[in-house]
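First the structure, which I've put down as C-alpha cells, then a few questions once you've had a look.
Read from first to last, the chains carry the letters A, B, C and D; within each, the first residue is number 1.
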C-alpha cells in the first residue's frame, strides 16, 4: 500500500521496452538521433502545433530551464505560494534564473486567480527599479493540492498575463492527470489557452526519468539549447530520454496511466469521505488526496503497513492532514485493502474525532 | 564503423538488465532505496575507503557540481587549456560555481605539470584581491588527448596542490580506460595519490546515463546534496541511476568494457601507424586516437561509411588531425574493416603526403 | 518641507570638509591609506571590540555583501516580509548570494519574533534537501516601519539564532537613529546582543555615499575582500570613503545628526497625533512616521509644497497612509510650517474623516 | 614621486568644488535630480548623439554592468588576454554576467586584431552548444600596455564584430588619455567607429569616484537600471556622482587633465629612452610607461623614494619591466627629479645592462 508519492512507483513496461529497443547500434549523440526526431514529430501531432520540445532528466530541471529562458536575472515569476518551484526545488529556479525572484500568492486550493496577478504586477511596477520586474506567471497543473485548472480558467490567466506582457508557464509534472480529468485536448489545455511554455512531466506517470520543456512559440526558445548544456542537462545518449517520452505518448500510454491513477484516487476519496472523523480537504481531481484524520488513525494505518506522509496541520481543522498519492502502479487491491483498514480504524462516530 | 565518440554507443546488456530488474515494486524516492545503498557499499569496497558517492545523470553535471562544492564564487580552478570543463561544457563550471573562473594551462599532450600549478598560483596570489583565488586543480583521466597520468604523476600534482592549499579534482569521464591501462588499483589512481573528488564516468563505457561524484573525504561534501537538488540533478526515481552504476561495478563489467575499448584502440593505432602518410599525434593509452592523415584519405574513408571527426589542424603537421574513439561496443570486425580501407586509401608512399 | 526620504538630504558640512581634507597628495589605493587605517581604529574604539570594517558605497551593497559572505548559494536568510532586502533592493541579495533565498515572516510593526524564526527553521529543515537551508537571520534597525528593537529583543533573537546555528545580520541603514533612541552603547546594540554582521549606514544620516560592513567576529569575514572587489564595490580612491565614515564617527557627529532627526520626527508626530482624522500607524521611535490621513488633506499638503510619499493602504484603516521622514537636514522651521499647514488642512472634526 | 598608479592621485579641485556645490538643499534621490539631468545633456553634446548615460562608482562596476547587459549567461566576451576585465577584476564580469565566459586573445601590445576575432568566433561556433556563444567584443582604450587604438583600427574591429553579430564594448578607464592622443572627437573614437557601449572612466583622471556606462544605442540598455540597482551600484544621493562627472566634462577639464598626464608621460619616456641599459617596452601613447631597467637601478630608485611597481618579466628582455603611471596630479618637478635620479642610477654604459 504505497501512497507516499507517484515517485515511488517503478517504470511502465512499455517504457522499459522502448529503452531496451533503443539500446542497439550506434546513433548520433546529444539529440542527433532518430528517436529524438520521432519524439518531436509525435509531440507536434499530439499538441497540434509546430512546437519545440527539449527532453531533460528531471522535473526540477524542466521548470528551472523553462523559467530561466523567459525571465531576466532582474526579473520575477508570479506563482502560488505552495508552488513546487517555490517550496520544493531547493532554489533551483533562482539558481537557473541567476537570482531572479519568485513572487508568491496565497492559493488555498493551489490555484491562483487573474486578479491576484494584476495586483502583484501593479505593486511590482509601482516600486520602479527598486523592485524586480515580473516577466512570467507560472501555474501548476494539476496543482500541488491535487486540483485542476479548466481551460477557461487558464485562458483567463493567459489574458491577464498577456495584458501585462507576462509569459505564461505551466508546471505540468502531473499534466496527464489533469488532462484526462478535464477531457480537453492537449492543445486546449495549453497553447490554445495561452500557455507559452510547458514543463511536460512523464516520470511520475510511468517513465524512468524523462521530462520535457515544450515551447509552443519556438522563437521563445532562443538560447535554450546552450542553457540546457551548461546546466548539465544535455544527455549524451539522448536516445534513451527521447525513447522514453515517445513510448509515453505512443498508443495513449500516458492517458491510460493517468486515467488509472485518477480512478484509484477517486475510489480512495469516495471510500474515505464516507468515514466518520475523516475529511477531504480539497476536491480530488487528479491523483492526490489531502485528508484530515485523527492522529490515532494515522498511526494505526502506518502500523498496518500503509505508506503515506503526514502532510500539514491546517488552520480550522483539528486533525492532521495526510497526503495520499496514487499512480499508474497503484492496484485496485491496494486501494481496497487500504479502505478496509481505514474503515476499521476510523473513529466509531464523527463525534469521536 | 562508428569511431565518432564513445557516446554514440548503446548500453551494455548487463546494465540494461539491471534497469529492468530495478523496475519492480515501490521503493523510496530521491535515493532512499536499496539500490543506492548497495551502490555505496560497492563503491567503498572497490575504492577501499569510506567515501561519499552521489549519482547524477551527466558528466558535465558531475564536474560542475564537484567543483562548485570545493570552490567559492570568488575562486578559481587550475586546469589544462583543453580540459573538457574549459572547452566543451558551455560554461557549466562557471554557472555552477556562481562565476568562479578557470585558469587554463598549456598542455600539449593533455597533461599538466606540478610546476605549472606553482607558477599559476604564484601569479594569482601576487594579484591580491584583484585576482580570483585558486582553490582547486582539476585533471582529466584519461586526458582529452587520450593520454594517461600515472599514479606517480598524480601524486606529484597532489603534493603541489596540497602545498598551496588547493583541492584536487579528477574528471574521470574515461576513468576505467585509464585504470586498466595503468594496472593500478582504483584507490592508487585516486585518493592514495591525492585526489579529493572524482567525477566517476560510466556513460561512455556502457551505461545509459550514469555518472557519480565521489568524495574521498566525505567532510568535503558538505552542502553537496542541496547543490545537486537545486541543480535539478536529483533523480526522483534514483534507483535507476544507482542500479546502472552498481551493475557497472559488479563482476568487473567496467574493467572488461574498458579493456575491450582500449584493445580496439591499440589495434587501430598499430594498424594506422604502419601506413605511409599517416601519423599518430599522441601516444594511444586509452580509447582515443588522434591521427594526422591526408585530406583525400579522410574524405575517402568518410565516403566508405567510416564515421569519425576531423578534429583540428596542428602546427607543424601538414595534414589535418582526425579523432577516432573506440568503445565497449566497437567490434574487431569494425576495426579490421577500417584498417583494410585505410591501407587501401593511404597515400602510395610517405612522400605523397 | 522635504519629508520624502532621508536620501533627499544633502551632506553634513563636517563630512564634506573631511572629503576636502582627504583630497591632497598621493596615498595608496584600494584601502592602503591612512584614512582607512584611522577609520578601523575609530570603529574598534566605538564598538569596543576587535572588529573588521569594510567601507562600500551603498546600503544595498553592504547588505548583499554581508549576506553573501555568511550564506551558501543553497541557503536562505530569514527576515521580515517588509525588510528592505526583501522588497527594495531589486533582488540584490539573491544576486550576491548566487541565488540563495529569503524566507519572509509577517511583521506588522517591522519586527520579527524569536518564535517565528524557530517555526520557519523547523519547516525548512523538515523539507530536507528539497528546501533551502536557512543559515542567517536578518533584522533591520530601525525597522522599515520606524520602530526599534531593544537590546533585550535583539538578544532573544540572537539566542534563537544561535540555537539553530544561524548567523545574525543587522541592516543598520538607520542604526544611529535606533542607537540614540535606545540609549544603549553601540556594542550593546550589536555584538553584545548577538549580532554577527552589521550593515552600518551613514548615507541617510549625513554622509555623501558611505556605508560599511562590520564583522564583529573577523573570522566570519573570510573571502569578503574578494567578494567586494568582484562586486565592483572596492573604491580605488578608498580614502574618500573612509574619510567620510571617520568624520561621521568623530566628535559624535553621527549621534548629533540622529538625535536631531529623531527629535524632528517626534515633534511632527506629536503635532499630527493631536489632529482630528489623523492617525499614527506605528510608534515613532526613530526618524520615520507612518500616518493615516484623509485623501483631501494629502492632496492639499502636496499642493502647498510639502514633499512626501503616499505609502500604502492598510487593512482596517479607511484613509491612505503616508510616510514622512526627517533627517539631519530637517529644520524646525520646516516642521513648524508643515504642522501649521496640517492643522489648517485637517478635517474639521474626527467625524469628518 | 608617485608613479605607482593614477589611482593614488587625489581629486581635481574643480570636481571637489562641484561636490561642495551639489551639497545644498534637498533634491530627488536615485537620479531624479537636476545634476543628473545636466550630465545627460552634457554627455549628449560632447558625444554628439542621443545616448543613455548611467553613473556608477567604480570602473569594475561599469565594465561588468555593461557586459552583463549585452551578453547572456551562456554567452562569451572576446577580449585581450591582458584586459583588465580578464585579469584585474577578480571575476566581476563573470559574476555580473551570471557565469558567461571571457575568451582571451594574445595581444603583445594590448590591442587585438579583427582577424583574431574572426578566428575565435569560428572556433566557438564550430563547437555548437558545447561552446559558449560569443556575443560581444571588449577592447580597452588606452590599453593595459598604454597603447592606443586609432579610430580606423576601432572601425575595423567594429566591422568584424558586426559581421558576426557581436556587440562592441570599450573599457575607457583611460578614455580621455586616448582621446587627446588621437586628436579624434569623442564621437569618432566611439560610436562613429562602431562602439556600442562605453565604460567611461573619470576616477583615474581627476574624479573622486565616478564612472559611467554610456550606451550609444539606448535600445541596447534595456534592463540596465534594474541591473544597476540589484548590483548595489545605484547611489541614493546620485547628485554627487553626476556632479563629479559634469564638472569633469565642463570647461574641458577632462581633456586638460589628460593632456597634462600624457605630457608628463612623454617627458618621462623621452628622458628614460636616452639612458643606457633602459628600454621602453611599448610605445608611450597615453599616461603609462613600461620600462625595462636593471634590478639594481630599480632598487636604487625605490630607495630614493620613487614609488612605482616592478611589473613583469618579459621573454627576451634580461631586465625586469617596471610600470610608471602619470596623472593630472603629476608635477613637472616630480618628473624632473625622477629623471635626474635615473640618469645618476642608470648603468654606466649600455653594455653594463
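As a convention for this text, a contact is a pair of C-beta atoms (placed from the backbone, for glycine too) under 8 Å apart; a residue touches a chain by one contact, two chains touch by 3 or more.
Treat the numbers as computed from the prediction; the structure is a model and nothing was measured.
More C-beta pairs touch across one of C-D and A-C than the other; that pair is C-D.
Among the other chains, the CA centroid farthest from that of subunit B is the one of C. With centres set at the average Cα position, the gap from subunit C to subunit D is 35 Å.
Subunit A and subunit D have Cα centroids separated by 51 Å. Centroids of subunit A and subunit C (each the mean of its C-alpha atoms) stand 41 Å apart. Contacts with at least two other chains are made by residues 30, 73-74, 89-91, 95, 98-99, 129-130, 132, 226, 229-230, 234 of subunit B. Contact residues on subunit A toward subunit B in their complex (touch as defined above): 2, 4-5, 7-11, 16, 19-20, 22-30, 56-65, 89-92, 95-96, 203-204, 208-209, 226, 229-237, 240-241, 307, 329.
Contacts from subunit B toward subunit C in the complex involve residues 30, 68, 72-74, 98-99, 129-130, 132-133, 223, 225-230, 234. Contacts from subunit D toward subunit B in the complex involve residues 73-74, 76, 87-91, 94-95, 97-101, 127, 129-132.
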